[in-house]
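Let me give you the structure first, and then I'll get to my questions.
Lettered A, B, C and D in written order, each chain numbered from 1.
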């Protein structure tokens, strides 16, 4: 979580720039504010329970990010946290299953389908990569690559969900900010968990 | 009058620029609008009576220029017109006396003294030149030169009357727009009356 | 970026403190979580009206809290939807036993956050209904997308539903009236200049010195197309034609015409535009029965305007005329 | 220059037509010469209130015509004083037998034109008094200059004198009250950006991206000095200190605090500023008894603000609170 927070701070301007092009320019600020709040909340809690940590992060995001990203990332972490309640250690299978739950939550909340030019376009392929992997290291690496590919694949798409959809055809040729923050999420997760 | 109107149209942008620097940027627009209105009014009237023409111009200016310049130029032409009522031809002495009346009207209306950085700084020296001249041609030329000098001499002054006075010291190093339009008035008068 | 602020992160809090300082006997500001509420809330037996959305659109929504309009407003960060905990707390603060109506503009974030709040509040035992506004004809209407944005009609709807709630109409009735207002309202906006959010410090889009952006949203979202600037008559036509044809508004209709400034637009220009709108509607036989002219749903310092038309019926007109006493709209009291 | 207008020369006329179209039962617009007048003028037995000035400051003055405030307003071209024939005609239109008060902002042009109008009107047998406002502390006060400009206090004065006139106070009393309001009011303004008049098409001054201009007038006149932009707290201090020290306002005084936007200022920034003003006055023991926050005396699309303080007495407060029903200010009715 520390790494993801640091990553959101580092990429704040980039996400703002992406969101300015096809949205309202707040995605970086929102995520940075939310992750700082999450760290604050975590600071005051014991961190033995992975599920508990994720749920704390979820609630912090829901109550501080706002916009579309708040409920979506909030749901992602909440569902993952529920799947991992009480666990101190997590194996690959549990890890992949938790991500699947989380992404299903995002899909249910936002009703976006693959190809709608949203964070789902980075999240889904990454989860599939986790599920298909043989060991943790290749899973983590595969997920990062898949998320990155999914993120890049949003560029030619015309948005059908979220604020970018108002632009119609003019949303083409821009990378989706939410897919980009999701890529950073997998990237930092891989760095944090890699042996 | 045709020439003065043409001159105001020609120098409209310049007067606007001068007024933007130390005022509110409307002097050129105001004078141009007023003189167009004056020509319109004159068009419908017989022009045998010099005084009548001047009074018509005065009323047109008063009711269409607004700002400081409207009442001031209105008063100038009204006083000159009153002095020349009924005249079809005007000799040098009458001409100079009419200008003196006109400028006295401006002084009474605006309470500006020489050196206050106003149109008075161009008008007064020009009237004095008219009064001191031996013949019409040298009078006209002398008045133009004196008005020009007076206009230039406003540059280093700190304004004490009109909108430029709000600037205090920052009004220094700018030429007064009203003195500039007064100079153009003498210039066109000289061109129109010169043998 | 030049703004009259202390720091980008403090804008919303500082402004809320200003609101509290300005109207201590009319509204109460709650800071944790953030909402602005009528000083006399909850009003017993009255349907509570709660709205909210990103900040930067003032006076909407905080400026519309008061008798005859909203009971509470939840301000998010600039251009960012507020969060469910704000809405939940505001809903509870205005719940006077007759249920609470959420007035939500159709943006993914706003809808999702209000949905979560409604779930939470229902779990607390408060009856909650939602009306979602989606009047922006600049956006294509489709089942497969996020649909149309909620813009100008939101202000009108808040006033009309506020009148109905004050008249002690039931939650179902107020919600239905709100849906009817939304269904009969259409809007479109344009910009002469972009705006700059304090958080990003960057213009929301770039426009040449002689270009305008047609079909913009209220969050600095770029529009549908841009073109060389024309006279006000042409701009009025660009916005009105899609509005009129979409509902459609037709000869004999009586409408409320709302000419709105985007925040940085001089009032004199709004009247120039209103004059053109009046001429165009007259040509079509549409009669302006009520009007609202001013900057009521804004995008920070953006220069530009939006036009909203609402096809009026007798009930809407009556509640539009009813007394309202808020910092942003005030009459009849 | 990008504006919602048809042509620079048509702005004022088009806007007046818009005003007439917007409020047909509240005001009447006379086009030759130009003035906006209460639909029910002249009100018999009431002192008539006439103001006027250049256009581009809306809602002042045309937006303040109505019961409880002005009887008529004379709009000049943008930033240019109107002409005596307008004022004379407006004065006659509102003359209800109790005399007419001219409310004049202290600019050479306005003063001279109103003087000429007063002479003409007196010759017609109507009793006329004038109040000249000069509340701008950014300008040095001196017998040898044009003196201080009239700015924000003009709005407050029009409201308070409007209340007194509605209360059938005599011409002398209303004029005296007006002079007392002016004598107890002080203002100062600043700009983040210049404005562009339609006629000139050029910015009124140039400012760097990080500079503000302190002490500006309402006609795009440059200010007294410029400096790097600071936080809102500093800007509030820059404007308030000269205001407070000039009257001076001192501990225990009760004031009306008016935070005004220059036309292009987002409302959220005005509340941030109001918050700072409140803190600074609190420190000095000055109590804000009434307030007005919004863009009421503007300079086209200029971004920036002005602050006006009025030391209140009981009579002023009473007439401030009295009902007013104009497009720009409305309460109590």
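We adopt the following convention: contacts are C-beta pairs under 8 Å (C-beta built on N, C-alpha and C of every residue); 3 or more make two chains touch, one makes a residue touch a chain.
If you're wondering where the values come from, they're calculated on a predicted model, not measured in any experiment.
Apart from subunit D, the touch network of the chains falls into the groups A, C | B. Centroids built from CA atoms put subunit C at 54 Å from subunit B.
The distance from the centre of subunit B to the centre of subunit D, each centre being the mean of the chain's C-alpha atoms, comes to 31 Å. Separation between the centroids of subunit A and subunit B, computed from CA atoms only, is 73 Å. Touching of two or more other chains is recorded for residues 78 of subunit C. Contact between chains, per the stated criterion, is found for A-C, B-D, C-D. Within the complex, the subunit B residues that touch subunit D are 16-17, 20, 22-26, 29-30, 33, 62-72, 109-110, 159-163, 165-168, 170.
Contacts from subunit C toward subunit D in the complex involve residues 2-7, 11-12, 14-19, 21-22, 55-56, 58-59, 63, 78, 192-193, 209-210, 212, 229, 231-233, 235, 263-276, 278, 288, 291, 293, 295, 298, 300-301, 303-305, 327, 330-333. Residues 33, 54, 76-85, 107-109, 112-113, 115-116, 136, 138-140, 144-146, 149, 197, 199-200, 202, 204-205, 217, 219-222, 224 of subunit D are the ones that touch subunit B when the two sit in their complex.
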